[in-house]
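Structure record follows, encoded as structure tokens.
The chains carry the letters A, B, C and D, assigned in the order they are written, with residues numbered from 1 in each.
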């Protein structure tokens, strides 16, 4: 079967590159992946998968950091204008762009989920000759939207894997579930799909990422460490404006509240049981120089090496923010904007995938582990599967990068596609034949 | 002569109202008063004044808070599109929109300056029926520009006074200097005209304002108190960005610098010798939630009941801002964005104007003083004249207000025009006949 | 009568100097003036006054900043050891050392109160030859207690006035009330005597102070301005200790709470209606360098040009302190340690006293007003009398100072005694004869 | 040899308990261990060791947190009064109480150092019946000095080990160096002895501690983790005092500087490469509630899992403290009060000691590692030996504790003595026979 898989993967190379460049050119940011997702949905349908999207695979209350209704509607129209099928787009109204494709095989067996992500970054792509996507004409046509984290590649790989597995359907047992997730940037999308139960019946879940700290084609790590649990929260302080010269004492100063909160947030105690983090990445407040400022917002994130430590930091943060508002006689509203669990990989599953890689010989440089060095909300799927007694792993596949992730010059070596398709297909096939 | 002046003022009522509404409809914010100023320049020229504008009446280095070159050019074109004379507009390139009209009379005598301001506020005008300018069709057609402080009235009164005095030219002695100042909002404009020497030869300078704390037609105060000296400064902190999860220690946090500065600025000690103020009215920083923020700006203003106290607060502020940058390993750039002197009115001049008001009987309710309750950069002209041995006064003229100054529903009772024209003309005529 | 009074005052000079030096040598700080007060009580009794002290003239709940029971008992014993009458001291148990002497005259008339203060400062007296009290052997024998504000002089003057008035008893009408107040330092004592009703029946109250901004013998001001209303409060934060290396996250950091409170207290907005102040004069917290600090105290005072503004600042302070505690998960206890009202002098009474000074000619340099430049809790008596329809004044009497108030080298020119005694006696006599 | 050692250790039990109780009763805090050290020096001399102390074993410039000269002299006299030999005490003048005993054996071999500490805590011992030292009459007679960390036990064990090894001298090869260190509390003493070269010729160094996280007799860990590098620094801010009511603007506020520093110190970024810590454990500032405070001190400590990370935190702290001073126009003086390196244990040495423990069977519960959970300046000796190519280990020996370390009720089970003496002697003997 390994040989078949490698052959199929190789045959899909050009199609995968073409898709990746098409997705790259029509980059869509979190919750607006209408064109990408419609293409995914149609492709999976054509391959024989039973496809769900929209309300069927998202718990609306758990969707975080969703754009305004007006923006979503504008993006839906934009997607249609760029060729998306209106029927699929309509099903994804409200930004519910996640897609799940399921194929049950004749023989009984485990349910295996592969998960990839689809969204681009809020970034303007570089427009210099040295940037290949610009030079070769596939740089983003959408303003302030650029695939600078490789999700265009992930989606394309996911579609190729779906095709490889569909081609093997008579040989496989159990069920394959292809999960195409929106809004991974800002870790906003996985929770809603997880909360809807998308992985509740899954025995094995495997996620993947290109690049990160594996920057050579041929490298692979079947285990990824460094998933930090995280919570993203916006705190909006509201005070009372006043003329700063004539009657300052009648104001309630929202900027002072935000600044006091910011200092004290950064001063949250380190945790003796492991890594903790807190950051106020953005602050904005006030209306005019001579007005006691009546509004201010801070964009905060907390992290922890596990969910307990992240929760410690987050609880400290909430109390600090509320007290800062009280201190200045302001009110404050906190809105959750994202979150991810912290989690580990299961040794047994890691080992099985590693053996597939060894057999396939397409990725000769097998490293003990990659390091995501931050947060990935695939952890929500992984944690849920583990809690249900299943196993989870996250595979990192090496590729040369033109610039770091989230950089306007980001690009990667598409030679990583064939080995990635082969490994993910091979891992799934292994699980769907050996149980 | 009082009778002649009153008659002339009364005859100018309709023209003044029409001009005011035209200025109101074509509201122009600080340094972009191209259409208003061109109209002023042409009108003064037609009345026989020798008119200067542009580089002749502005010290470029002292112009504060000037828009970008691109914005200025856009506004010049906008003004021309709205009917401004291109020749005048071109002379005002770079935002140098102040206009000075001089008329020397045959007989020798003192130089008297009257000063009015021309700019609108950065504000979107109300669009409700209850708002008269909207109802009667003269609300602003320019986006985010609205006369909400009465400067449209001031300019119109200034033009009428120029006309009254021109009509009296055979009876007057000395020189009248009509000063039409740009960019009073944010106290950005007077300093540049003063620094260019516009009032260096002036013996008496009189400024004026409608409304403020005199909210009934018929009220007048020939003295205005409460001029606070002020400095406006933007502080821009620059640090080093870093991934907040993966390598926070490699960052230099500009938001922490800005927040520490903000708290300590508000904590500057009160001054025992009189009123002091400090405000951080606006804060903005950071690029993304998960990035150690490498940039932040705070918009600060300091005030004092006199220049010494303002300077004390300002010097404290500068030291605090520099230390806050150092504290976080950031650099900081401070840019002066505006300023006004603090100053008083001369008793002798106040008394002379008061007697004119008494004689004219158009403003029966003479109050001992008005209160500007903030900062007015007319103080720069007044302070300079006083330093040269001359006298200064600032007259407040009552009028009913539909809403407070700087409110989207601001409007005033135009019945205040005739008595205002008469008083300002009468005061000038008094000085230009009695010396 | 003026002549009689001057003669009597002159005759009391040596006795007054001797008493002052005795009080100086046995300086007693706030609420521990047992020896001084016992001497006052006995002297007034001997002069024929009806004397009240202890529970009869103090509202215990309103006594602020009282030492511990143990300390009070130690001080009672110390006073007795230094010659105080045990019977009087026992009546003053609990620190209730205020003394009121009342003499009703045969003829009906107004009730006039004169108020002086008795306490020393928490200060160690200078021990250098250049310091006269040290050189001449009357510097304080009590550790950390020194009369560095002239209250030793005030008490001595009060006793002399009592004697002068007793000598005039057949010529006076109404009632004289001599009030000897404890604990003026820290403005802790007046409120308790006022709250007990000591001035509820008073028509005129006159306070006095030597020196301050009148630093020449011969100067006098019959009006004193600059009384700032004030509140003194200690805030004690309690958190949870933890090992700063091994388990910092289990602590609740009281020092962080105190520091956040301190910064935000100083950042309380200035008040547009007049002078406001806030100060954190003392901070103390923590137990060891490597322990997350579980305790911290800040000693705060707020001030305002009137009680309303002081209350504004105080209310802001309370909210800030409570929020700072909440922010760090700490509790906080606030304890009122002192307070004074803000108040003015009544023109009519000031004028009457001024005329007495004019007639007596002992204080030739009559200034329009003195300035207390801070807080004096005599304001509590004055405000209460004014609220009841009576009149109040506070007299400042000039004297040369060897060093500023509250300085270890403080001393004053005792030549001020005779004119002070004469003026205070004369003012009282005037009120007690003319009504 | 194991049998001989166990026998010798057992024979020394009573003597060791008696010594421990004597040291406990005469507890001496850092740099004042005159009596303890004099006893140690004499005992080692009597056993045949060549003994050095005073200037010979301390680099004065590296002594941190040393008491004042007056205090040291007082403590020298106190020690003599409590029976210390004056000759030894005099050699230790200046607090140089460290003692080194060297014994060279006839045969050539390695130099092995054993290190124990001698100082007590700044703590008042509990005086309740339930506290055994109090109940049995050996609680501390010295005020604010209590052995609450077991160093009394360490010193006693050290003396017993010295005696055991002296008894084996004919069988050993190389050199044994017994190091008795002062001032471990606050990690102030090791650096000075290390800097003097005390371990420059050492091939193996072994330290030890009773208790910590091994709270059962019979437990032992031959490796100790969790040594955090640390720096202790006091920052003293000096400003300018001013009357907070009358002239606050003339002050320079040292408390504001200290509070701003404190908040920003706690906000120092976490380090991605490992554990970091910072704590402001103590703050003290100000002189009076109504005075702008002109002085403030903060007691700070930084830590890191290794010296690089500690240095990062420390460098951040220094910059923050200097900037905070500048921000308030204050000066600041920083004084190093202590420090420790971070370090690891050498596997080979750990394994050798573990085998000794296994053979001796006195400590049946051998754990893989203990955790010092903080800082121990033995790390200075260990790091130096490792840098010279030698090996280091730190042994933790279990004992039941009556209360946690640094608690007024601290006490431990003296049954731990015999196995501790045996293990330390055995480890040394092993190294001194096997090389």
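Just so we're on the same page, a contact is a pair of C-beta atoms (placed from the backbone, for glycine too) under 8 Å apart; a residue touches a chain by one contact, two chains touch by 3 or more.
Because the structure is a prediction, the values reported are computed rather than measured.
S.K.: Please state whether A-D or C-D has more C-beta contact pairs across its interface.
M.R.: When the contacts at A-D and C-D are counted, C-D has more.
S.K.: Please identify the chain with the largest separation between its CA centroid and the CA centroid of subunit C.
M.R.: The most remote chain is A.
S.K.: Between subunit C and subunit D, what is the gap in Å from one C-alpha centre to the other?
M.R.: For subunit C versus subunit D, the centre distance works out to 52 Å.
S.K.: Starting from the mean Cα coordinates of subunit A and subunit C, work out the distance between those two points in Å.
M.R.: 69
S.K.: Which residues belonging to subunit A are in contact with no fewer than two other chains?
M.R.: Residues 246, 248, 253, 256, 260, 263-264, 266-267, 269-270, 276-277, 292 of subunit A touch two or more partner chains.
S.K.: Residue numbers of subunit A touching subunit C in their complex, please.
M.R.: So the residues of subunit A touching subunit C come out as 246-249, 251, 253, 256, 260, 263-264, 267, 269-273, 276, 292, 312, 319-320, 322-324, 326-329.
S.K.: Tell me, which parts of subunit D touch subunit C in their complex?
M.R.: 186, 226, 228, 230, 232, 243-246, 248, 253, 255-256, 258-260, 262-263, 266, 277, 279-293, 296, 299-301, 303, 337, 373-375
S.K.: So in the complex, the part of subunit B that touches subunit C is made up of which residues?
M.R.: Per the stated touch rule, the residues are 263-264, 266-267, 269-270, 275-277.
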